[in-house]
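After this come two complexes, each holding subunit A, first together with subunit B and then together with subunit C.
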Partner chain A sequence: MLKRFWPWFWFIIGATYFLVPLYATFDFSLRARRGELSFAAYANVLNDIKFVESFWFSFQTALATIVISALVIVPTAYWVQLRMPRLRPVIEFFTLLPFVVPAVVLVFSLARTYNRTPLTDSREGLWVLLVGSYVILSFPYMYRAVDTGLRAINIHDLTEAAQSLGAGWFTILARVIFPNVYTALLSGAFITFAIVMGEFTIAALLAQPAFGPYMNRLASSKVYEPSALAIISFALTWAAIAAMQWIGRGAQARIAGPR
Partner chain B sequence: MAFLELINVHKSFGASVAVENFNLAVERGEFVSFLGPSGCGKTTTLRMIAGFEKPTAGRIIIDGVDVTDTPPNRRNIGMVFQSYALFPNMTVAENIGFGLKIARRPADEIRARVEELLRIIHMSEFGRRYPHQLSGGQQQRVALARALAIQPKVLLLDEPLSALDAKIRASLRQEIREIQRQLGITTIYVTHDQEEAMALSDRIVVMSRGRIEQIGTPFEVYNFPATRFVASFVGTLNLLQAMVVDAAIGLLTVEGQPIRVARPLPQHRSGDAISLAIRPELIALDGQMNGEVNRLSGTVEDVTFLGSIVRVRVRLSANKLHFDLFNNPQLRPPQPGSSIAVQFAPEACLVLGEDASPAHSMSASAAQAA
Partner chain C sequence: MAPLTQTNTRQSVVERRIFSWTWLGVAPFFLFVAAFLIWPTLSIIAQSFLDQERRLTLRNILELGHPFIVSSYVYSLQLSAVTAIGGGILGGLLAYAITIGGLPRPLRDAVLSFSGVASNFAGLPLAFAFIATLGQLGVVTQWLRSIGISLYPAFSLYSFWGLSIVYIYFQIPLMVLIMAPAFEGMRREWREAAESLGASSWHYWRYIGLPILLPSILGTMVLLFGNAFGAHATAFQLTGGGSQGNVVTILIGAQISSDALANPGLGNALALGMIVIMGVCIGLYTWLQRLSARWLRS
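For the complex of A and B:
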């Protein structure tokens, strides 16, 4: 009996820590009309064109970040593991820099570095700068995920097998390496997605119409709507992650299992 | 001219030498094994043929073309790894067709070729499976089919059976050999297992410490080892310490008991201590051989019943030797502690030279056998 008690005890403590604030937020968000529970606050949020626009903007930004990050990280991690295994700690250190350098510092140095270039002159340029910053923020998660994924397969022999069959580097990356780190890549992508969707500092400083600044504005001007928005964005983010998981399930099934 | 040639190939990693002065000519369709202990440079040599390592010096020629500087993906070489190295994200059929797809062959040609290869490896029903759904033996057969699909000039296998259990190893070994004969493909097979090398090869290259010790047919390598290393690495041997009595007529003593070898020992003088090697299967119980034979008597130390054969270990005083008897239910095997006499022909005695120097008595017996 006691053996089953403690695991459940800790599970319930953890779940409470997570669920109570969520439930409280949800409960509060239903009280926009005095004396009754209603979805009025939700209707207000969803009818706000700014909500849809900023969410869509950040969604696209997150996807662009994930794609670019994957294109940078996978070949790098692959090459380092294949040919320069001694450099692994160095590369890992560099990818961890976003944890050390505050976002404010990052965005100011980027803005200064690219000052008076097309990157800071136009809306599109600033967006590129935004995505660039997010790619850097994603490095710690993406690199670790991909590095671990690569370790799970014998990249050395797979590479040589592909080479002996006539494949060049591009083919090896596209047909052998990417498909086999796909699952690992997804786990890095989930975190990146969640971070980009909620990111405030960089988006605000670059004056981008992103979801983070929108949430922030709403929180300082409305009462019930921010709670509704929190629940909605929570649900949407989870839905997006579930969708990515669903897309990746085939790959997962194949790579799993004994080798 | 030979189909595959390695000329004075040399490979160092920094200061350490992995392969030295390697010369080999392989005929078209020949099955050659590299045999030697771990770390002797077999894999490195194979990887130089495949193009994954660049020789520090020397040339590699395949089908008349010098490929020393050709990258691995242009060499058209089939490679089979100990780890199978199947692409986990592809089905069996996709794995086998991978090389053809890269060569941009038409889809129906690829399909036909994949089906043909699946038939050859007896796995026609498995085309749609993924590698992780197969046993180790099946995975290695797929890896073989994948390597063969591109109709490579040379097939290279690096200890392909080492990860498999004994039973599958023996049957897959035969299968590899049959497929190789059927397709007539020039093959280099790396192994540290002498039994495997003997069972498969047209010729064996015995290697030690980055150097070739001997190149020969399994028969030659086993019966007429060129060096002390080959003699001790290939098969099992009884090693006896002997003393030269009369070099001119090949007379020795082992613990005072006289022994004749088949040839004189011009490099030795009386009083020299030398090592004598005798294959266990060339030793018999006293009284079973005709003609001039050597006799040694000692005490039975141990008898091991191994089914079809009975292994008997005999102790002289300092020296030990063992030999095998065929099992015979009508005959009581020798009893431990009893005294015993064994005999063997002078031709069975190999006088071992120093490492990497030919043992003259063996080449002499080689001449005799020929």
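For the complex of A and C:
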């Protein structure tokens, strides 16, 4: 019994640290009406047209990020494994660079470098910068997921088989490789989704009507609604990560970058 | 292994013949990275050595010596160090508890899944959660007051230590996620061998366990350090992000909107300082990981 004391002790400390803020936030979010517990704060948030708009904006941005990231990463990872295996460490290095260049430095560099070009002068241009930075942030997760997925199938044989049937590169990618890395791609997609939905720094500094800046604005005028948003956010992150872990059962948990 | 080498030789023949066409396959990736990451970053680095007339100068770098900026860097470095060490120790002990500590398997899985979520649960929602917990009206603050302990004004969530407590919330899970596999990579034979030679638990950890794990522990703490150093949203929400922002990331963020600043080169130098520190972190981390890979294959 004594032998197990310390492990239990540290487990309880850790669990307390993790769970108390969550419990407190939930408790707090129910107190919007004086003297009773209610879901009023949630109702206020969900009925807010700005919530719906910013959520929808970030949702679309996340989808665009995932599609572009997949279109860049899958052919690259495939080609590197098939023809240029020595290039893999180089690609890995570049996909890990977002850890060296934090989000705030990335958006600062983009804003300065493309200052007074159509990219920063128009709403559409800023959105391109937004999606571009998110795609960069998604690379570490997407590349690792897809690379592992490709390693599980024999791409050399699949490629040769497809070629011997007369398929060109486009057909091979679209009809052989993509379907085969679909699940790996999904697991990368879910974490990208979770990151984009909660991202604040880049969206705010590019003045985009995204979910993150909305949360920030709401917090300056409301007391209980932010905690309801925190719970909604946590549930959303949980759902995305659970979906990812369920799809990639046995795959290692991913590491988050700084935000 | 035989078919593999065969493919390799065939490949190199192909590679030599259509060398330039092969590179075309990775061009989209490199173009994308160049446009949205490399070119902007490099141009910022280069511009921090240029004045407004595009002449070489060290003035921007020297301006980093301004007391206001130095104190901001020191603040960020201290915050990162405290949360890397605090989160590293707590996370390391938790990782130990759920792996070789011998806790029931479902607890291990639960902690790992939770860590996967919690390490991504940062930014504004995390700040909101802690305001609801330890803010002036927070649930825990109120509860402590009801039993006669008043946190405020001695403590503030918006102070250095308040910020540290919030940061540690996302540091612990990251440490758990990276260290749990390392602990699991410790072989039972090592412990058995030590015990058969008469080693106590203390001896085992002092002479075998810790030396093997140390590079991995330190490396992960360096990663946590960088993780905290680059964090922006959480601090922005808690400190208000005003010009009094004392974290470097907030200072950099503020440079984007304020064109009225006397020297736009200063922002570039600030960013350069950040990239240098993050680069050192990743370099150290890679080196320590390589050290630990000698023993642990996880």
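To be clear about the criterion, the second predicted complex is superposed on the first by the 211 of 259 C-alpha atoms of A that agree within 3 Å, B and C clash if a C-alpha of one lies under 4 Å from a C-alpha of the other, contacts with A are read in each partner's own complex, and residues count from 1 in each chain.
One rule holds for everything that comes next: a residue touches a chain if its C-beta (ideal position, glycine included) is under 8 Å from a C-beta of that chain, and two chains touch if they have at least 3 such contacts.
From a predicted model like this one, the values you see are computed outputs, not experimental measurements.
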item: Which of subunit B and subunit C A:Arg112 touches, first, second, both or neither; value: second
item: Dominant contact partner of subunit A by residue count, subunit C or subunit B; value: C
item: Which of subunit B and subunit C A:Thr171 touches, first, second, both or neither; value: first
item: Subunit B versus subunit C as contact partner of A:Gly188, first or second or both or neither; value: neither
item: First, second, both or neither for A:Pro140, with subunit B first and subunit C second; value: neither
item: Partner chain in contact with A:Gly149 - subunit B first, subunit C second, else both or neither; value: neither
item: Those residues of subunit A which subunit B touches in one complex and subunit C touches in the other; value: 254-259
item: For the subunit C and subunit A complex, residues of the former touching the latter; value: 7, 11, 14-15, 22, 25-26, 28-30, 32-33, 35-41, 43-44, 47, 90-91, 93-94, 96-98, 101-103, 107, 111-126, 128-133, 137-140, 168-170, 172-174, 176-178, 181, 226-234, 236-237, 249, 252-253, 255-257, 267-268, 271, 274-275, 278-279, 281-282
item: Interface residues, subunit A side, partner subunit C - complex; value: 3-4, 6-11, 13-15, 17-18, 20-25, 27-29, 72-73, 75-76, 79-80, 83-84, 87, 91, 94, 96-114, 129, 132-133, 135-136, 139, 156, 191, 194-195, 198-201, 205, 212, 215-216, 219, 223, 226-227, 229-230, 233-234, 237-238, 241-242, 245, 252-259
item: Touching residues on subunit B, where the partner in the complex is subunit A; value: 50-52, 71-79, 81, 83, 85-89, 98-99, 102-103, 130-133, 143, 146-147, 150, 152
item: Residues of subunit A that touch subunit B when the two form their complex; value: 153-154, 157-158, 160-168, 171, 175-176, 179-180, 182, 251, 254-259
